[in-house]
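The next part holds the structures, each set out as structure tokens.
First chain A sits with chain B, and in the next complex the same chain sits with chain C.
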Partner chain A sequence: MAERFLPKNKVAAVILVAAAIYLAMVLWFPILQAFAWSFTDKFMFKMSWVGLANYHKMFTDDPMFIKAVQVTLSYMLMVLPIAAVLGLILAMFVNAVKNVTVRGFLTASYFLAYVVPLVAVAVVWRYMFEPSRIGLFNSILDKFGLGTVRWLMDTQTALPSLAIVGTWHFTGYVLIIYLAGLQTIPDVFYEAAQIDGANRWNVFRHITLPLLTPTILFVIVIGTLHTMMMFTETYVMTSQMGMLPGGPLGSTTSMVLYIWENAFAYQKEGYACAISVILFILINIITIFQFRLIRARVEY
Partner chain B sequence: MKKLRTRREFLHLSAVAGAGAMLAACAPTPEVVEKVVTQEVEKVVTKEVEKEVVVTATPVVKKPVKLTAWFADRRTINIMTQEMMKSQFEIRYPHITVDVMFVPESEIPAKMATAYAAGQAPDVTALDEMQLAGFMEQGFVHPIPDGLIDVRKEMGARTAEVYKIDGKYWALPNGNMPQILYVNLDLLDKFGYKVDDIPSKRDDFIKWAKELTIWEGDEIKQWGYTWVGAPWAWLDYAYQKRTFTFKNNKECNFDDPVFAEAWRFWLDLLDVHKLDFRTAPLSPQERVAQGLAVTGVQSGFACGWFPTQYPQTKWATLPQPSLSGEGPYAQANDDLGFCVTTQKKGPEEVEAVWTLWRYLVGPDYQRQYCPLRGVQPSLLELRKEEKFTESNPRWRGTAITAKPGNYLTDGVWRAEISPLIWQDVVERIQNKGEPIEDVLADHKAKIDKILAEKDLPLLLGRDGWKAEWEQP
Partner chain C sequence: MAMDRLRLRISVAPALMRMRIERAALYLGLGVVALLFFLPIYWVIVSSVKESAELLKIPPTWWPHSFTLEHHIGVWTPKFARYFLNTFIYAGGVTLVVILTSPLVAFALVKHPSKFGDFFFRLIVATMMVPFAIYVVPLHGLLLTFERTFHIPMLNTYWGMIMPWVVYPFGIFLMRQAMFSVPDDLIDAAKIDGASTLGIFWMIVVPLVRGHIMALAIFSFIFRYNDLLWPLVVATTDRMYPLTVGLMEFAGEYFVEYGPVTAAAAAAIAPVVVLYIFLQRYIIQGVAMTGFK
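Then we have the complex of A and B:
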């Protein structure tokens, strides 16, 4: 039986089994345990079975949960399309650069935004978004007579502010993925298009885009995961002394932040686990939908 | 050229070295040697710690005990604590060694649960007041043995009565932290005023502060008085009118008209008197510290913040201006507290744990802790020391406000309630302009729902407060 699943090489088999045990301990067991705890009212060591009470409360008696779902989906819809399109445009621009050194420099420059730790990035952006004139953006707006914006202090502009940071951070990663994808497209197609007299837009529309669909699918799926797990930006940029992050008025409380709040600020671990399960299901549904929608159009 | 080693030889060497290291790590611990203690020690300590002469003359033979203590991570208190443990406590009790750990306050509950499950809970833990109920519910906290401390004699009637739960004490407050007024003395002097010139009556204070406020466009360049960024400040209007935030531990008091009146007052300060503005940068204490504001309101913790963050700033404190010029001036919430969370069972070990606890709540440690934390000590004997009295200009606001009769406090509520009485209500009324009564009613309903979930023994509210606690 084991021969069906394990390689013949004994060393490889040992490594695989060890890795599986490790993953089971640090990944699968906690996930299954979280599922189990989602049916309890776990509070540190005290725990009793409550069935579907947590889920019932979530959907009928917790407006903050509904808001967290809205915030998470809004954030995803703000960041993902822009990062995906901007990343593609930048990747095509970088790909068109013939000089290898310049291309490498540009690639590294854009990717640097993704490599720098997000906590450090968020702290700097927070100062740039300072709502008075001492903030960088407001001082620029003020110079042009456009007044000031409350940025992170206004419920209308707080989430878009975080989306700006998220887009800036994620675009570099998307660029690298697209760049790799562009370089797998054989030149023969472009040569044939040139011979046929196709213009740039037609080349992009009929050659580049279709052959890039596997990469686009990957970017969208990974981007969905990345944006729906948003936590660092909101935690760092909306934290204020003596107060929980996610404000103002919960307008930047993502699902992951709400899970953190319930688990660690309120010690409602059972409820936090239930929200985690819903997040897991939501991500799965969106990903399956994306696969079905985009995969049909994937060309190789 | 020396022949390079093969891969096999390298792996062989690595395995031998690794095995040797593991054997060394698994070596038995050295035998414990009991010490006979009789020594006289004098030690000069750092400027934050007063000079002490510690004499332990009685010869005792005690089993050495190693303890672990968790403190909330605050840099200045961390440094002081490490110093006090080494320079005073471990010399006074040489059979006790204390392993001090500094843990971010918000992480203590989760880490405690993990440590407890592993049988390695800290022996003494510094708890936030909002964490005590949860810890007690989990059975992490040991009750303070009878006779170890005379709470009424050492800390007064209010502490003695409020912190007795189920007939026992579980943790005691280090002190209480009032909302006070911070003053930038250089800026005050620039305008030709002295601290005693600052009006204590609210209406006079507003007029005075307006004279010192300078606008530039739609922002303030210099404040006479600032509070935006201290979302708890608005409640002090109600406390000054002897109105509590909670009726009892099951009902919020936001339906009292005083709270709507409080909001109209604060909105007038913004929109009519124009003393502050909604997008004011930094925090109130930073505006004062940086010389942008002459006065600003903030919690007493800033007394410990100023000397380390802005050591060049000359500052003082006063009680907040009130309607009559007299108390009550503000709320003053308790700063909890050290509790025993040990899992040790041996009588000598347990004795050592309580010895450490008693030291931490005693005058020697609290004398150093309270100024750094910005709390007026619970220990009545410490309140007589000059640095904790109103004759200390930096402590004047705290000392006066924390006197019985000059403050009120509701006690301790749950963490989920804080946004509903502070930041969210400020955001909705002050920033979004929602109708005051509607917001207060909505928040009252939400708070009452949270209060109905669990009993909070330390939340007194109006019904739990006793007038006799206002007698000195």
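Then we have the complex of A and C:
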């Protein structure tokens, strides 16, 4: 434990204090401000105290807000379980590939989906999701006589369509995290299991899964954060000329998009901050819950 | 003796055979999924070289029957080049700043421990996971305040865009791990030789943590390159749009003209793909590093 309040070395002290002041300005103070502004009707430089009015309106008089919460949570529930499970399965199979070149190619094609700018690929996803049969997906469905789907144009299928894109985007990241986790499991465990004649399911159930639990927890927590912050997908894929994104009929308006709309399109910054606060609280509750649930199982 | 060997071979053969079949199935399965994952990127590329008429064909063609570079050439208007330049200034600028500040702060934290430093780092960890969208509105307010009180333009400027990332918690966190691998003996030896603090940092510490700096550089570049929300807030005129925001305009301008749009998307994707191909090792290691420790 350090004794001194500030480092004796003057250069180090200056660096630390300067960095702290800067971070206070661009990170800590704005976070506190978001809370403070949520009790005001702030816009630009006009601001007056309104107490809990924003929160009251949100829950009693704003169906769009309730809708946005639903959209955000459903999106998370659509993307996260699939990405977490698919990523694990793929990672275990990729981990079984011993040939370095083959492995490199495989990881590259999965992981590229994550590093490539989502905005750019979203453009082509939109093309593949075309409601007519010039869209790739509809042409395939049509070929098998399954009719066509209106994908992004239908309130029922718009969010699931975005979830497909989101899953595609996020699974590659999850896979790399799992791969790194798998490589920390020492081979001796597997060798011991082999000598004891354990079958594959038992090896997975009693060695891989327990030793990978911290990694899985990490993936779930990061995945929750990532999916609940959904913005780019809907902003890029649902914007129509002259209309705000998030359609059709608000069926893809996530909370972050709704924050953005309120702050920068409807000029209601105070209200936008109140939504931020609710989103923040929601994420925290879910994350604490996940920690409790999974920590309880790590204890052996 | 020979008999024994033969018997052995016979008993091993089916197991070997099974292993080979399993391996073939493994490669095939993973290959098919990998192709599915690659499909959207493939679709960007093939669509961008098809002639406009073929892009509207029912059903769409898997392999282009026509080939044209007209979309690729047509996309490079001065406006589009400007988007590209803006992105490189934003992502490149942030990266240059971040790889300078993060190791410096981490160095001060680890090699000059203090109560203030401990507290500072704990606060960084506590707030590192607060999503950007939570405080984007006050951050925008901060830019406005700067403009009003100091009369410095902030909106529609590069420094306004770069400002939130100058001291980067994620970078400090990553570099802090690396600093523990720098032996104190080396630093002490340099100190005895009369090297200054910054001299030690520059001559001894930086070369030893080069790998981590590289990983940080790649990540910070890719993250900012792909950024949409913050540039959307700061850049309100198309002169300042980075690629991500500019592409949106594009998609609006040519609503169903998928040729130009996919060519623009291909141009936006290309730098990242090239970066990935050359720096794959660092990227994979970087994810593993930041994901865990």
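Here is the rule we use: the second predicted complex is superposed on the first by the 282 of 300 C-alpha atoms of A that agree within 3 Å, B and C clash if a C-alpha of one lies under 4 Å from a C-alpha of the other, contacts with A are read in each partner's own complex, and residues count from 1 in each chain.
As a working rule, a residue touches a chain if its C-beta (ideal position, glycine included) is under 8 Å from a C-beta of that chain, and two chains touch if they have at least 3 such contacts.
Keep in mind that what you see is a predicted model, and the values were worked out from it rather than measured.
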- Message: Looking at A:F289 after the superposition, I want to know if it touches chain B, chain C, both of them or none. Which is it: first, second, both, neither?
- Response: neither
- Item | Which of chain B and chain C A:I134 touches, first, second, both or neither | both
- Message: Looking at A:D154 after the superposition, I want to know if it touches chain B, chain C, both of them or none. Which is it: first, second, both, neither?
- Response: first
- Query: Looking at the overlay, what does A:F59 touch: chain B (first), chain C (second), both, or neither?
  - Reply: neither
- Message: I'd like to know which partner A:M44 touches here: chain B for first, chain C for second, both or neither.
- Response: both
- Query: So which one touches more of the residues on chain A, chain B or chain C?
  - Reply: C
- Message: Taking the superposition on A as described, I'd like to know which of chain B and chain C A:Y266 touches: first, second, both or neither.
- Response: first
- Item | Overlapping contact positions on chain A, where the chain C interface meets the chain B interface | 44-45, 132-135, 241, 263-264
- Write out the stretch or stretches of chain C touching chain A in their complex. 26-27, 29-31, 33-35, 37-38, 40-41, 43-44, 47, 55-60, 101, 104-105, 107-109, 111-118, 120, 123-124, 127, 129-142, 144, 148, 163-164, 166-167, 169, 172, 196-198, 222, 225-226, 228-229, 232-233, 243-244, 247-248, 250-252, 255, 258, 261-262, 264-266, 268-269, 272-273, 276-277, 280, 283-284, 287-288, 291-292
- Message: Under the stated contact criterion, what part of chain A meets chain B in this complex?
- Response: 43-46, 130-135, 148, 150, 153-155, 240-244, 247-250, 263-267
- Which residues of chain A touch chain C in the complex? 1-9, 11-13, 15-17, 19-20, 22-23, 25-31, 33-34, 37, 42, 44-45, 90, 93-94, 96-97, 102, 104-113, 115-121, 123-128, 132-136, 139, 142-143, 168, 171-173, 176-177, 179-181, 215, 218, 222, 225, 228-229, 231-232, 235-236, 239, 241, 256, 259-260, 263-264, 269, 272-273, 276-277, 279-280, 283
- Note on the structure: The answer for chain B against chain A in the complex is residues 106-107, 109-110, 112-113, 116-117, 134, 137-139, 218-219, 229, 231-232, 278-281, 283, 299, 414-416, 418-419, 422-424, 427-428, 431-432
